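Labels A, B, C, D and E are assigned to the chains in the order they are written; within every chain, residues are numbered from 1.
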């Protein structure tokens, strides 16, 4: 069982990073708002940024310890870090770029490079220089380079951000395969919920340099516990609350009283509900609200509707997302009432 | 034609100051500076500007029309060359000083060389270039001694000027070297004289001529000042200073 | 020592400083302009210009001085033209010192700047263009700050070289105390006359001056480089 | 009505770009595989890459014409191009970066910059240099810079690839607002189908330097017409066919005979069906296939199942995606048969 | 002309070439090493080293030559030590030419290289580290190719300067035909002697040689720069 322990502090100008976590899972995901410090953590683990204090240990091997004045060089950490901006060597061809990290004899190198080229669909580009590649091609070269390096731990910083969805599906499959056969940890930073969900058993959620929640991916998507975690896992509807009693609250920003299944503890400050979990009903029931339709947006398979409490113009908009199948023309049958199913309400601490 | 050069200087100096440009061989610099001080005591209105450099360079600059009133090179050839080109005022040339050629070695060093005749016993020698005046004189001496070819087969370090020769010897880079007596005197802390060349060894004596440079549309005041300074150079006062520095009046 | 200081005319210091600063400024703009122009030219032309602009460094300074004298002497066409029509004279004047120093130091500024330009990421320049920035603004606000290390290096080398210039200056401008004698010329002359302590004095002075100027340049330029880079 | 006409050819090493289109729509989307030439088109329009031949005209203003030897400088095109790799000025602060493109007096500049900083949530970062920003922050600065420039045409090359989903939703909304008020064209290159769907009325699909299809976004998603278009619009199931008769085909890679609603013309070489459009049934009917379950992958709201024809091991996998709501535990009720509804089959040319 | 050619001893050409090439090679490695070391040092230290490494350019070459002579002359401790214990002699020998040229040209290589290093994007170096490349490999395979324009510029300047070096060489190594007389020294000597056509001959020769070498260097380095950059 491979363990990664991180407990570090780092101040960069006005930004403070202070995180501490242990990961034993095969692939840990990090989700967080833009600028919350995800890349910084990876840089600290890779040895590119030196933390002000703390400890980083991988599998018993101390990478960094401010007390013992240990700070292994990046070379000795054997960490495969996919830079967010790729960081390809501009003066090397694709082939040379991939080859850099490989240790072994010529024959082995050649074989491995060839395999990576195939795996990341880079055939025909071997002799090109990075500036002669498209964005997605560059990203794939960077991925190939890391994978050829055979690191102890793989850290991917938004590895598929520039790759089209068809190729992404293929690469997802291949990467899942690679990670399955890889006996080390990996960390994935991604803004795509689907990606995190697919790759990561455990998830760490960051906000402003701190870890807010940490747990099994599925659990966190079901019950994000904190406002910020709810946001980054894609919850579009969040409101401040006033507790009425243990099982009832007033959603202040929606202007509605809601019954809950869970006990509302004192710490709870917000309530959230995913846009897909709202129901539409024809008449007033428990946990329903009469709404005015504001506007809608369409995506290939879904429609997003935006409503507002029809009793109160000052409340926040509420998003409802529903699969398209059920509608042929979208603006027919606009619901009058929406329901907040009690079992779907997420009670959140801020 | 306006002369900005003049006007600029006129602004910076008093209106009645006269600038006198004098080109002197580098070896004359120290003595000429003292003479300048002395002269200015009597004639404060004359602003003497020296251009001290190797005589060949000065000759070239004058040929190229440099602003020069008085030329005082370390060799008569340079003067003659200019005279031939009509750049020197007729009859103004005075062969003012002479100098001696000496053979030197680093102070306190042993050498088998005892005089010019035995020069070939040295491992190597510092000599000025062929047409640097002192280089020319040295070669003349060797020819007259009949050892020219032998010397030319030695390891020769050719200096582009006397300073290089002097430094080479004083730093023991070369076993011996040939310089002017005046230079040897300046560097007496680090070199010593083995022998002085007798006058008979030179075809012509070493002469430091001084002459007025001919100028078109010359400024009368300037010409007069140049003449006056030339006169001063010949005076006993000036000659005394030259002699302090090891020159000999011709 | 005290005695000596009294007898020293400090004009070479002033002249050196003036020459150094003025020719660095001229060299700065000229070198940058040359480098900029060469960047826009075809490969073959680049090679030709490159070689020509490097020449003054290959030739011994005396030769460059000689060629300059042949160009600007009042007996030669160009010199005559300049003098009689525009009243400009380089022979035996302070501007001559500047010209000599400029010519000698120019290759340093040119090559450093060009190398710096070549290392710039073209995409950034394109971005500036698509944002409608006029070319001169792109040059001064985008290209120059990015090329700052190279420009600084070029400027310092240019200054150092022009302060230390002797051969070409003595040929073109002469060695006239109070007028064209720079510290470098003074050092040469004093050591030729065997006055080593005076020469030594000038050497120390020139070193101090250079230290100061280099420091100032470093400080000024560090304003333009984002973060002082240090490799670990 | 503002018209953009592009008809250009460009050879770059082994890559040949040859495209020709006219766009009058407010926001044109470009979809295409990685390396298909999307960025290259934008670069040609912006004036960064000079086409070998052809014509580019915006609203009657000739940007480029190889016959008339017209090639306007990028400065005179007033094109706002968001570079895929941001291309921020490294020696300028965020504020200075945003300010570069603005024309006007000081007061105006200050106001506009301030507005952009607010709009793209860059408060507090004004004095930072690009290298002191996170990836998403850099991308937002680049966006702010383009928008402040007030261009005639806005071209965005994957504008949200580095931004977290919560902020992305907000920026989407803001950008939609901006584009609504903007009286010029815009072009969006994106790998996100949802984004294209949301922003673009018309869509151009590229493959290997050529435009394969071009049309209204919705139409293309409904009926992509070509294999490559089907792929980039996210169709996961595509098979070669053999025509049986006008309304029947054999899907060779799936090993099944399918009835269609549309006439199968001679040009049709493939059939495709979106993973969400497959149905599961309990028994053999028309257009059904008995399948073996291979594996599944989960995303927050959906499950993806992978099947294979149980009669033939050599056939391609078939993806089925379904919303999670219907299942509590995923591996229960694995369907035995899947159905290819005739009205959902997409007949494709290659 | 024909007449003249017959009387010319071509040894200065050989010596110049040897000196130029050897001192360029030494300067190349030394300058790069110095630049690399300075990149890793604190800001204050950087400033000090920077100033020191620029000195040889500030001083007139003759002074540098004089200081070298003071160091290596057989009268002085170091010179004695080297000569009597190791039989190494720089005074009036060809190695002296090399030392002189190296010292004079060193600042050019150093500063150019450093400027080039400063323009490199640190992220790329970090990437190389995380890929486990050993430091020397990073240096030669990643840093050097990226710094190629600056390195080339430094190398060309170094070569040009050391080929044209006169002042320090004549001081330290002397001007011995067939042993230490380089073309630059020959030119100085011939022109001091007023033999302008011989001097001119050497000038032309030195120019041709430099053209060739600069072209070769350009060619070699263009292999390392990805795409010949040209601004439009």
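The criterion applied here is as follows: contacts are C-beta pairs under 8 Å (C-beta built on N, C-alpha and C of every residue); 3 or more make two chains touch, one makes a residue touch a chain.
No experiment lies behind these values; they were computed from the predicted model shown.
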| item | value |
| --- | --- |
| Chain-contact steps, minimal, separating subunit B from subunit A | 2 |
| Pair of chains joined by the greatest number of C-beta pairs in contact | C-E |
| Rounded Å distance between subunit B and subunit E, as computed from the means of their C-alpha atoms | 35 |
| Length of the line joining the C-alpha centres of subunit A and subunit C, rounded to whole Å | 56 |
| Chain centre separation in whole Å, for subunit E relative to subunit C (CA means) | 19 |
| Gap in Å, rounded to a whole number, between the CA centres of subunit D and subunit B | 86 |
| Contacts with two or more other chains, residues of subunit C listed in rising order | 66, 146, 191, 225 |
| For subunit B, residues contacting two or more additional chains | 57, 60, 161 |
| For subunit D, residues contacting two or more additional chains | 85 |
| Touching residues on subunit E, where the partner in the complex is subunit B | 66, 69-70, 73-75, 91-92, 170-171, 174-177, 179-181, 185, 188-189, 191-195 |
| For the subunit C and subunit D complex, residues of the former touching the latter | 123-124, 126-135, 141-142, 145-146, 148, 224-227 |
| Touching residues (chain side subunit D, partner subunit C) in the complex | 46-48, 73-75, 77-81, 83, 85, 87-92, 100-101, 103, 129, 131, 145-146, 149 |
| Contacting residues of subunit A [partner subunit D, same complex] | 12-14, 31-35, 38-39, 84-85, 124, 128, 132-137, 140, 157-158, 161-169, 191-194, 197-198, 218, 221, 231-234, 236, 276, 297-301, 323, 325 |
| Contact set on subunit B toward subunit E in their complex | 54, 56-57, 59-60, 106, 124, 126, 129-132, 135, 155-161, 164, 167-168, 171-174 |
